[in-house]
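Two complexes, one shared chain (chain A), two partners (chain B, chain C).
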Partner chain A sequence: MISSMRPIFDKTRNLSQEDIDVVLTSTNANEKYLASIVSELAGISPRIAHSVESLCNSGTNCIVSAFAYISSGLADVALVTGAERTDSPGLVLSWDKSRGKYKHPIFWSSLFASSHMRKFGTTLEDLAYVSAKNHRNGLENPYSFFDRSYSVGEVMRSKTLTDNVRLLDCSMPCNGAASILLASEDAIRQFTDSPVWIAGIGQKSISAGFTKNADLSSMESTVLASRDAYSMARKSPKDIDVAEVHDAFSICEIMALEDLQLAERGKGSSLVRELHDTNCKKVNPRGGLIGTGHPLGATGVAQTIEGFYQLQGTAGGRQVESAKTALIHNMSAAATSSTVLILQA
Partner chain B sequence: MISSMRPIFDKTRNLSQEDIDVVLTSTNANEKYLASIVSELAGISPRIAHSVESLCNSGTNCIVSAFAYISSGLADVALVTGAERTDSPGLVLSWDKSRGKYKHPIFWSSLFASSHMRKFGTTLEDLAYVSAKNHRNGLENPYSFFDRSYSVGEVMRSKTLTDNVRLLDCSMPCNGAASILLASEDAIRQFTDSPVWIAGIGQKSISAGFTKNADLSSMESTVLASRDAYSMARKSPKDIDVAEVHDAFSICEIMALEDLQLAERGKGSSLVRELHDTNCKKVNPRGGLIGTGHPLGATGVAQTIEGFYQLQGTAGGRQVESAKTALIHNMSAAATSSTVLILQA
Partner chain C sequence: MSRFEEELKRDKFVCSECSRCKKIVWPPSNYCNKCLNETTWREISRKGKLVEYSYNKGECFGIVEFESQIRIVGTVKGSERPDVGQIMNLEKCDYDGDEIFIFSSTVQRNGSQNS
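So, the complex of A and B:
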């Protein structure tokens, strides 16, 4: 899946390795010194090179770090590369000893689902709509891991893992890599007339263990991160034309839509059904994590790349018409931390 | 060893957990999500939290990253924590398959030593002076791993590992942690009248494998990083009152002194002998890596903390008198990447 590095630089000259100041790698892999290895393999001798890890939102942490290097004046052009293997050591929440055999993420997602169901009457069929929609969207994404979609009925009948998590409600860990270039305003003007801007950034880490979440029907870190991102971008939820949200499990998309204020509280499921029934690609056009696969460290980078495609009008069969503002939502470990980016054409 | 977190904030109020925006962890450990775990254990809910890895200069990469977050305006106060275990997976250069059984760092340091010896007539006794000096300096450091020093003769007679690396020419991997707080100019003024400033930053990654180094008697990444750091700080080598240099092996200190222009090319050994004979603490006052131990991810943080102690005049028995400008040199993997920081009182 995923991967960019397509030549968006088509103005006076192409960007070359010598222009790249920073190489950051986003991964949960145990291998060390990957940023320097990627640099050597790509013929780059950057000033700044290191790996960034924060489980499933490593990718957007890496992008925000590159943004900080550039906006602080320490660098002009940064390459961010996310990469992960299907057997990533970031898949299971090994740090939380208190969970015993319930360390696998399906268990927190199951608690999220039961909490949301109890509070808002969300149903298993609502969850199935998320998966069916995203799998169908993924068909238009040439980098998707899957070559087929699944109907609501097929999701409903897929293997039961817990009372309210079925196999097709889960994103699938997979191999994957994604790379994106960030540049300062001065640098980017040399290469293109139509850059995409990072207009808003919000991040929040509330804890390392999700039991700190007072209310399991909402993701507090996402609420707080989105507030900062909207504020920095001077945008409100109604300005968002297209959103990539972190559907690690079906319930996460429904909760994220509410937490990002893209749907009213308790109305996330209705919005998903509407998007599904009208084949509207506004949410997770590339297929989300469920429809394309979830290579942990690469996911946040791939989500952000989709925002760039959408705002540049190059998203092909999954293009949202006249998209001017995109939102990227990437989170880790039972939403104990979240990143929200707002991109602008 | 190491560790700070001492209360340097003594002005109108103490800094509290709520003030901390960013928590970055520096480590080569395979454990994931450590920045969020440290945050939860310390009662901090930061906006930005992730781990940074670049082998032995992870610590200064982390500090520069925190600097970038602050100077970009994304954050005001950052906690940087480096931590490592004695059995760190970062100890052996596992990525370089071409080295076969010669992956252990003693082999590159041996090539550095033989190259420097051939070119400049450096002797095994010169190397022993580095170790003896740094072990003696370490006695004044309450965080040192060692409780004794070694004479030049003892270093000379220590176990031979290669033709020109003896056991006491090596820094020793050990458990260790070190933490430092960085704050914006506005924020720091609330807490102290005598802050220490990061005035210059230089970083360079030339490759991931040291065979790209054309001349093994000099560390190109250190030369290039120091040039940027001096330039950003508007300082020259003669302004440096005290330096922490990355003596992973004895030969590294001699080469670093030359590459940082603190000694003329080929005169690094003479400077070391002079410092040893006059008991001058100007280079590696805390004992360096050889005299205190080398907990990889914590080392760059500990080196930087020593710079702060020296510039605040709180370095006790190892204080360099009237130190106003400090240089920190931290490198990785056969000096394939280096960081140089210049600190100012």
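So, the complex of A and C:
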């Protein structure tokens, strides 16, 4: 966590530890009093320090909490830091008895895939395109867990886990940390001349149990969260120049594109093929979860940082040209909850 | 082991039902999620409807919906590919650290599937 904070202090003018009012930590590790411990280790004495946990969308939940402290006037400057280790107990939600012995996430993603295939004719090859595209995008990301890409054929031939989920359709749990700095409109001017604004926020938990997803070919929490985010930002899907979507599994990217209205219903896979074939990096330029790795508590923070780079024009080899508006989609536990952020340059 | 798990071990499929408003609460809970009153246990019909399925290493698994509201994931027995919407029987439940549910199709295709 500390090493991911260092670049913020190194690169931000006028910023010192005394400026930080809020330190929020995002992780699924059972670490008690973590935000205060991290604060002490980083030489910060914040007014507010605590952890935020919400499985895979802990990171964006943490950012939303920091936004709320700032917009309420309780704080001016907040540091959000997320981290995970592969031995964190966040992979399987044991509470969800409705999953029976099929508690591992590959099973809910497999049932989502069955449903999407039945309804829209989505194919195994469509799923492979998601993984191939995101692994290729991830090559341009220096923070990626992987150092090679995979072709559509290699994804197709990777180890079969269920009938419609192969090993390379899955995001890989890994170690990782990411930190981001948020500041009020007044405070930010001392730190930068070109901030990125959080223009819209939508969050929704429909339940905690996978089987409460009424329509398994769509993620209801994502539909509802994105509606709120678009409305708060006064933006529509066609305004989105670049998007980081939560591709925990290949099928999730196809569903997310449809649920976020970036593609028509049933057309998510055609959009993915088009992005792949034209080498367009508009969706998951950093490689998404599949191409980068998925350190649960850090993921939402890392996705938001990618939005920041893209809108600052500093994303290097994965830059989407003249991106003005970015969308971040982060979800948890079989899409029972979702966060959508809309960022603006 | 919780009461729910003990009942599963005895091959009984029970769920919480609100003692006041009669709502079924699934997954089981000591309190109703509508009126927050205490719940009691009641047996659930073992006849349900297949919502979706897939295969894991040749073994079919899927979601079956009971009493039009309780959806659970379990193993679907049988050599034929099932149909979504098909009536399924909860043939067996058990508990071994995980909740085990085994479904089987009730009658042959085109056979009478009610009652």
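Definition applied: the second predicted complex is superposed on the first by the 331 of 345 C-alpha atoms of A that agree within 3 Å, B and C clash if a C-alpha of one lies under 4 Å from a C-alpha of the other, contacts with A are read in each partner's own complex, and residues count from 1 in each chain.
Going forward, a residue touches a chain if its C-beta (ideal position, glycine included) is under 8 Å from a C-beta of that chain, and two chains touch if they have at least 3 such contacts.
What you see is a predicted model; the values in this text were computed from it and never measured.
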Contacts of A:159 with chain B and chain C, given as first, second, both or neither: neither
First, second, both or neither for A:39, with chain B first and chain C second: first
Which superposed partner A:238 touches (first chain B, second chain C, both, neither): neither
Comparing the two partners chain B and chain C, which touches a greater set of residues in chain A: B
Partner chain in contact with A:209 - chain B first, chain C second, else both or neither: both
First, second, both or neither for A:100, with chain B first and chain C second: second
A:64 touches, of chain B and chain C: first, second, both or neither? first
Common interface positions of chain A, toward chain B and toward chain C: 95, 209, 212
Residues of chain A that touch chain C when the two form their complex: 95-103, 107, 110-111, 113-115, 118, 161-164, 209-212, 216
Footprint of chain A on chain B - complex, ascending: 23, 28, 30-33, 35-37, 39-40, 45-55, 58, 61, 64-65, 67-74, 89-90, 94-95, 201-209, 212, 225, 228, 332-333, 336-337
In the complex with chain A, residue positions of chain C that touch it: 4, 26-28, 51-57, 61-63, 70-75, 84, 98-101
